[in-house]
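Each of the next two complexes has chain A plus one other chain: chain B in the first, chain C in the second.
Our next item is the complex of A and B:
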């Protein structure tokens, strides 16, 4: 009886493994076919998949409109849009690369490029880009940055938008109280106190204590310290004295000048706090302009740069761009590039960036009137065009960089806010995680 | 002679009728019938489970494939010796499972006993009582997160009107209050499970037992203790076992309401696995944690069924 049972199980297992092996050998041959298929018939009917890394009610319609325009111009190419929610987009890309089931074209954050390039997931675009007649118009610094940060210094993403972290403030409240909109860090902390009126459910500031809070924290810390290097001689600058000093002041705002629920705030909750009139100042980037525009009157929101360092310098994080990348598994690289080039054209960049409220990278768009008439974009230029501005560069090349932010920094922030950890312990843990990752990287790649 | 011949005839004839060695389709038919489901189970259950065991012995991080290598028992060693979050998560899981299953059983049994009584609109009340079970986890978490909201939540409003609190509270922001809040939300959703199954079991208790108890002079409490409870024993054992496994592995409400926070105060082992494998893309370590969870649940199930002597006395 048992022998029969085991024989049946063994037979079915073999059948299943043959089935699975069949699947894998099939995918292997199709992979081979991909690499062999070089020449494309320009009139062949092709379907491309495009992944958006920040889908939502605001951005999805913008991409859909651009795709519609592209399909009208290229009737033989169909584009399937797939929208990924911002918080899980990186994990989705990671899984697709591991499964060799990537899209043809995708919107890829610059900070992901080094890792994706190391994993050989992307198609180098140099040859296409060099032949493109609009190549000279794309922000040279941003293109050079994208090449510089990847292991083989090739171009894996053409940036279509640039962003900057700033503070959104309520100018009407500052006017009402007769106080100054902050320009220095001392003024920022004072303003957070002055604007707090708990009886009327008003808070001076809001902290992003939940998902993605690590980005906010890091950008504020470096803006305060003016530190240019993220890692110096194998040691991380994360736990330097200035950062400890800043975080002590910063977390002291929690509950005193911020809502209590800030400890679990994600992006949506944080922005909702500002847009519903509960908060006077919020740190985010110029990309949330669209949300504020919908919720508030023009005189109720204003973008200001992050306060200057003690010696009067602006600080911004390098590589704050998003680009269009083509994935190596594509069967139609020419058509994929066509889409990438279209999305970076003057018209597309103008449409996308105007709707979202970010900085275009195509110089032709920069001269358009909407750019000049957008105060928040002018605020960003004020920082980027300032020769004194310090650009620090996080170690995007470390494969664990993102997971450290998600699994060490985000929970650590909550631990400090709930009093379970000191600022020093938190920063030391963060620094150690970065240093360990750097050591592992060096051992593997710099033998 | 004649008689012997007569007797031998059938013997000879049976020998002649012996079946020839040929393919017997009848013998294989049952296996053919179960083949599709066996294939499905092997492919979609055994194979993935097997891969989890395999990856638990590997350094396998999908965002850093160049570091992937055989790990042996390194992942397990790290879990029990270096990991600062494993034991706190295990403790949170135990608190979560015990409070959820215990409270759901008590309230579920009470609801089942009430719904078993005859009263007007019983059908409607029964349907209404089962609604939370039909609501998806994501919807339930959105609903509860709005109710717990610091600025516009109905709970704050209610408590302030009743004079229990003087200013709005962010219920999901404090370590203890977040845990209690999620326990309440999950409790609301889980009670109908016990209520449904226990009600079905209550309805199958023979009326004669109650009549006999009445004749013997048993009061309500004694009837409950000596008739109702023993009759429900098998259902209770099975439902609590299922629910323990279920709550142990539960993530939807926790994930959506608190994300395991603040500061890991609501991080159960399953949430921790999700954090390591899904957020951290460290599937090797996540798999090792899953194997540990599997072992814990397996040991629990065996011990629990032995202690409760499930199915030995009831039937």
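Our next item is the complex of A and C:
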């Protein structure tokens, strides 16, 4: 009896070990790959991993198509696509950098570059970029910005797409009520009032009071003030008089000209308000074009730039781009650059940006007919091409920048909207957090 | 008169609250199933359709083949079954030791087991990543199985301790008087009496592994090795959600859990009673 029981236990354990061992099919080979140092042979069979920081039903098939095209052109290089859900992508990159297990190539948001460069996770691309025959085609301002924000001013990411915050409005409603499409901030506030018709459950505007609202709020504030510097001589411009003035007017719209539920609005709720015909104006970027197109008729939505400052200038946030970066741990830097260059080529940028509805950075694409036929992209060009446009520069280099927006600004916005905090208190708290972070940064990195 | 009053009382205090609760619980499920069978155009059409106008299985085909749910499903099943197997063996044996033996520091040990549950999972991500990278187990289901087992064992051990304490020690002693040794007494006497507890433990563990997202995403760097919750997240892009495929994927993900609960429901209720009493 005793023996029988032990036989059963032994057999079960063996079965379990076999089952578990079956799971570990490739651990050996990957370990081997990590330990072998190889010189790059252009014809050597290479496998690259590519991480997409915003995987989803729209973008994943686009990357897969581009990767297929790349593999056809480079039969010796296989690319393994790994899609990361947008909300967890940064955390995934963080963990992989900490464990030095990064991909070869990745799509990296410009705001992450300073931190990744500080952590020495990325490969400088300057020498590859300088030798690349399409280097002159990539938006020079965007490339310069990417260099400017990193600690050693090297190129760690080649931008393949650009975005811009705008206002989406309902031209049909504006026409119906004779409201002027706003070009100035006064016209904006008037339009929000005129378009509000609470009896018919219609509101002039919607505020993103929930997660992610901080980014939009900041872009609106600087678009109003025309302030170029985020930090001047160690002092943040966040709490300057114009920003106080703007936020007082802006938050006064809440409940008067916006739905009451705006206090918890995330991206989806905010866009749903516009797309379901409850709201006349919403601030977002040109990336939400696809959703409006799906939900509304072509004459029911229109992209317009954020209103101009009092002295007639457009303001946009610098670095609103996403780029291709090569990670330092790659065993195949040449092949990785080949992929990065391919993804930034005219053909790839045209395909990617046309599908997603964003602005390419390769100048050759800008003359293509689809760009000319996209009114929302033309709106973005109107802002970027204007020589007077001010590009303000958020301190992406501060390691705490993002967490300040998430933990100080987002809850602060809700506190102001619910009347628990004044605009002045909110902006002072925000400015102090930025100044403290800047001080820490200076102590550590500017010795 | 009294009978009618009793009926009204029952209706107001029992049937009606239950009905409200039932609607509250089942409506999201009904809406998910409804959406899963709708064409894309019908999903966003106004007014909303409470029944699919022309039902389709396209969303299931998209989720299963195009998005790769067939692979994610297999991965989740493998991880779930292996984790349950490990957790059951280890937590039953440790639960037995805690229940039947007296040793120094037993209370402190129990307390420590419970304390492990208070550690936020997100804090463990980077250390786990480094450990598994060192072991060459990144993108390997084994890393998930080990992590999930480690996370679940403390709680399930405490649960099993409760279940085993409910089984009279005399039964074991009687079996040993009849010639069984310790292991045989556990196998032939204790084990059959623990079925409700084992089912409860298995269901808890399986549901945890089936739904876990963060660790599954972090410890996997290959698309083909992701589990179902990560797969579901692919249906939600920043500016675009494939509601039909998302709903279909959710329905697919629900099936094993529903089957498991349907089978285990009776044992689960008994099991929870046992654990609480213990």
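A few comments on the model shown:
Convention: the second predicted complex is superposed on the first by the 409 of 447 C-alpha atoms of A that agree within 3 Å, B and C clash if a C-alpha of one lies under 4 Å from a C-alpha of the other, contacts with A are read in each partner's own complex, and residues count from 1 in each chain.
By our rule, a contact is a pair of C-beta atoms (placed from the backbone, for glycine too) under 8 Å apart; a residue touches a chain by one contact, two chains touch by 3 or more.
What you see is a predicted model, and the numbers here were worked out from it, not measured in a lab.
In the superposition on chain A, A:83 makes contact with chain C only, not with chain B. Touch criterion met: A:411 reaches chain B, while chain C stays clear of it.
In the superposition on chain A, A:287 makes contact with chain C only, while chain B stays out of contact range.
Touch criterion met: A:98 reaches chain B and chain C at once.
Looking at the shared chain after the overlay, A:400 reaches chain B, while chain C stays out of its contact range.
Legend: residue contacts after superposition of the two complexes on their common chain; A:261 is shown touching chain B, with no touch to chain C. In the superposition on chain A, A:56 makes contact with chain C only, while chain B stays out of contact range.
In the superposition on chain A, the residues of chain A contacting both chain B and chain C are 16, 19-20, 91, 94-95, 98, 276.
Those residues of chain A that touch chain B in the complex are listed here as 8-9, 12-13, 15-16, 19-20, 91, 94-95, 97-98, 115, 118-119, 198, 201, 209-211, 259-264, 276, 278, 399-400, 402-403, 406-407, 411, 414-415, 417-418, 420-421, 440, 444.
Across the complex, chain C meets chain A through its residues 44, 46, 67, 78, 82, 85-86, 122, 125-126, 129-130, 133, 135-142, 145, 180-181, 183-184, 187, 214, 217-218, 221-223, 230, 233-242, 245.
Taken in their complex, chain B has these residues touching chain A: 31, 34-35, 38-39, 42-43, 46-47, 61-67, 149-151, 167-170, 172-175, 178, 258-265, 275-276, 278-282.
Of all residues in chain A, only 1-2, 5, 16, 19-20, 23-28, 30-31, 49, 54-60, 80-86, 88, 91-92, 94-96, 98-101, 103, 267-268, 271, 276, 287-288, 290-291, 294-295 touch chain C in the complex they form.
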